[in-house]
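Chain IDs A, B and C follow the sequence of writing; residue 1 opens each chain.
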């Protein structure tokens, strides 16, 4: 085995040393503790002993040369077993030598006990300013926050009120619990307003403070529209087969404690579509000049709650069965309604499905869940006349609206994805074959 | 012996000269030849281990270490006399005595390598862990001596300190207490003449260090610390004195710290090469070897193979030490109290939460 | 201007005072010939002679107590305790006399001395070489306690400490003795004792710290910035008396505060600072003022050090917890 012994820090505040005399040469047999080389440092001249017994395979650095702590000194062959070459290590050391003066070096500084870190030569702080004629201190930013006791703050938080907007009547304009209570009442009565604004005698408007969810949604929507080049493709799927499945299997599902829904099928179909059209399951990373293709198929589903839209995730939808997806959707929908969703429930989504059609709406232009690449909007299933075998029959049309980030998803990709989804949903048994 | 070598007259007990020739045969202790050779070997082992510790430090495999070089005879003599039932209260520069008392090589590596496990000394009996604040261990020794008397045991305390330590208040309080209590303590002052950079003549203007015993009403003896026979004779006499219930003894072992204070110290700042050379001639191992060779009990040519053999043993042990299991979080807390209080355990739990969070981030 | 580290800037400060005040004397163990085990007093004996800069016998109580006498007789000693962990024999003199002489004599005598000690851990040394006992000194009534975190502050504060007529414990964070280089003016200047300093302005959380921890907090702040958290960092610089105003104004702005100290938790500086925060800015608090301090254990030996001393990641973890409160 080949062992590379590097110039160690020997506790005397040095960063480098000059090789004075080599005591060994290549091919020489040495014992542990035998002196290898005489080094000169800032503080002393000292011999460096060998840590191992063996044969010198290589010697690095020539007499008179200055090397840094951590550079290789010798390569020792121990027990005559072949190992890797030392050339890479030497090259690496030459590389690190370049960097050593730029960063603070972690070495032993001088101290009779212990080891101290020593700063590198080029990294230093500018002087401070006190105690000498100094520039004026920067002006203080005006205070915008309310004064309130922790108890009052807790009360405001529970009521969903931003305490910084409550006018305070306590000492020093402190916000008291009763101030919060009356502020809340005013909101209920529709007369609440932030402090500092004069109220007109009869107000034609009502002010309501923004909830955290609303603020977040607003921010995300702006960001999405601002960055992604939204393009939407519409397609319709004839889903009579799916509807028939429902009629035939509704009860069977109910016996298993599951509610038959089209969403699991749609999610599965979407996951399959993504597998064959990975660009819709990707992310554009402009900062690093690259595309990030995601290997998991984690489908976010938009859930409407009293506070607003939340988008929990069904992970690895491609690997879950219809049953598992059904259960998962029920679970996260419940959590959403009870406001019990955690960060775990929300993160790592790669594609989103939004089912606005559950309420109303056919085609839409959904906003992408940025930084994802696409979002599939599901409209209300319409009972319509359709053409089958050149005859007009009653069909069930599911309107699909696919918004994509046109910077990375071309029209062709979008269309092909929709085609795949359409194939799978119009013939649901084909989902069994994926 | 105490009367003959009166410290007030600055008399020093010495048996052999710098070359190992016996000059005071009357005081030479009777030690069987094979035991003497064994002592010599032990001194060589202690020195080899000591030099290798310095070497390991230079290799970046060991932290700061205080070399013992030049002081081996003191530890060897104490080591030969100490029984299991006797106590060793160490300072930090008496490696040979540690080994004699039951410390394993691994303990030495662990302690200086920064792990508290080392200071358990493999549970060797009657052996306190090193106490870093200088001389603070001496009052402990006085207390142990008290307990020995209290329990009517047959034990003696060997307490070690340096010349610098004789200036600390604890030194004086310890000697006084031990004397008042008639505690069986041998206070061994290794006067290696330097406390880091401060030479002993700046430490005190007393005639020598042994005279300080007079103030406390106990016998004191100045001994040539590099003369194994002298150290053995002095310590044996003190041992018997203390064992018989006569009280403590102060032994000043005059020696020289041939190495630096620690591996990061540079002695050239405060002493000369001349001084160092002068004491090289008085080296303890050199002197005992001189005697043994003259008595045909040893050959100089046997030194190298002996040291080589020791080096191999030490290297092997060291490599094993280097795979000692890593320090665990519970090790930080385990020994603060007999049973970990709830409040302290809570701090450990808080830290573990942080560690979990850190792992999850990866 | 010269670019120096803390060892050099403190050396410079003492040099200046030895030069302009003939009553200043410097002593301790190994401070003269050797220049101190960390070289802080290097060259001073050569420049000012053994009469003014000298080595003493190995005895901390003697060093501290004799300084009390020297002060009464008109000198201004700057003494060294070789490591804060060895100052304990001298604590008796500190509590009983150094801190009380002025009161005891009704102003007739004072103790205008400076006690310098390297303090704090993380340098892979033996037991007693890593202690942070600033709470002990802070609790002794009648002492001022100063802890610089940069070479510039160290020089200004050392000069102020020597010129102060009150006794000052000057704790030098040994871990960063040589780790920071800074431009420091060559002329004499002083920084007032008892004044903290903003090292960064921010709006989300106030972090109060001092000494070697400042650097680790600054590294944590980089992580915080990536997470969108803006930190206001205050370097206390003086542990007693604490600058209440700077703390008050900051907490009013941010509402959240994290105190970071190496010293152990129970009865430590963290506890004092939490109390000050609630006294000064109770109505502005949006989260409990929190201390991140050392375990209530002896600092472990080098092999266990990494588990004890706060890393930037740990500091960031605590910052985040407070932001998410």
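Operating definition for what follows: a contact is a pair of C-beta atoms (placed from the backbone, for glycine too) under 8 Å apart; a residue touches a chain by one contact, two chains touch by 3 or more.
Just so you know, these numbers come straight off a predicted model, no measurement behind them.
Trainee: Return the chain pair with more inter-chain C-beta contacts, choosing between A-B and A-C.
Mentor: A-C
Trainee: Based on mean C-alpha positions, I'd like to know which chain lies farthest from chain B.
Mentor: A
Trainee: With chain centres taken as the means of their Cα atoms, state the distance from chain B to chain C in Å.
Mentor: Computed from C-alpha means, the inter-chain centre distance equals 35 Å.
Trainee: Cα centroid separation between chain A and chain B, in whole Å?
Mentor: From the centre of chain A to the centre of chain B is 59 Å.
Trainee: So what's the Cα centroid distance for chain A and chain C, whole Å?
Mentor: A distance of 40 Å separates the two centres.
Trainee: I need the residues of chain B touching at least two other chains; which ones are they?
Mentor: If we look for residues of chain B contacting two or more partner chains, we find 63-64, 196.
Trainee: So which bits of chain C are touching at least two other chains?
Mentor: 37, 124-126, 129
Trainee: Return the residues of chain A touching two or more other chains; collapse runs of consecutive numbers into ranges.
Mentor: Within chain A, residues 110-115 contact more than one other chain.
Trainee: Considering only the defined contacts, which chain C positions touch chain A in the complex?
Mentor: Contacts found on chain C: 1, 3, 5, 37-39, 83, 123-126, 129, 150-153, 156, 174-185, 189-192, 197, 249, 252-253, 255, 282-286.
Trainee: If you look only at chain B, which of its residues touch chain A in the complex?
Mentor: Within the complex, chain B touches chain A at residues 51-52, 55-61, 63-64, 196, 261-266, 268, 308, 311-312, 315.
Trainee: So in the complex, which bits of chain C are touching chain B?
Mentor: 29-30, 33-35, 37, 55, 57-62, 85-86, 88-89, 124-129, 265-266, 295-298, 300-305, 307-308, 313-314, 317
Trainee: Taking the complex as given, what residues does chain A use to touch chain C?
Mentor: Against chain C, the touching part of chain A is residues 13, 104, 109-119, 121, 123-128, 130-132, 140-141, 143, 145, 147-150, 153, 172, 174.
Trainee: For chain B, which residues are in contact with chain C within the complex?
Mentor: Interface residues on the chain B side: 63-64, 113-116, 132-135, 164-165, 167-170, 195-198, 202-204, 269-270, 326-327, 329, 331-333, 336, 343-344, 347-348, 351, 354, 357-358.
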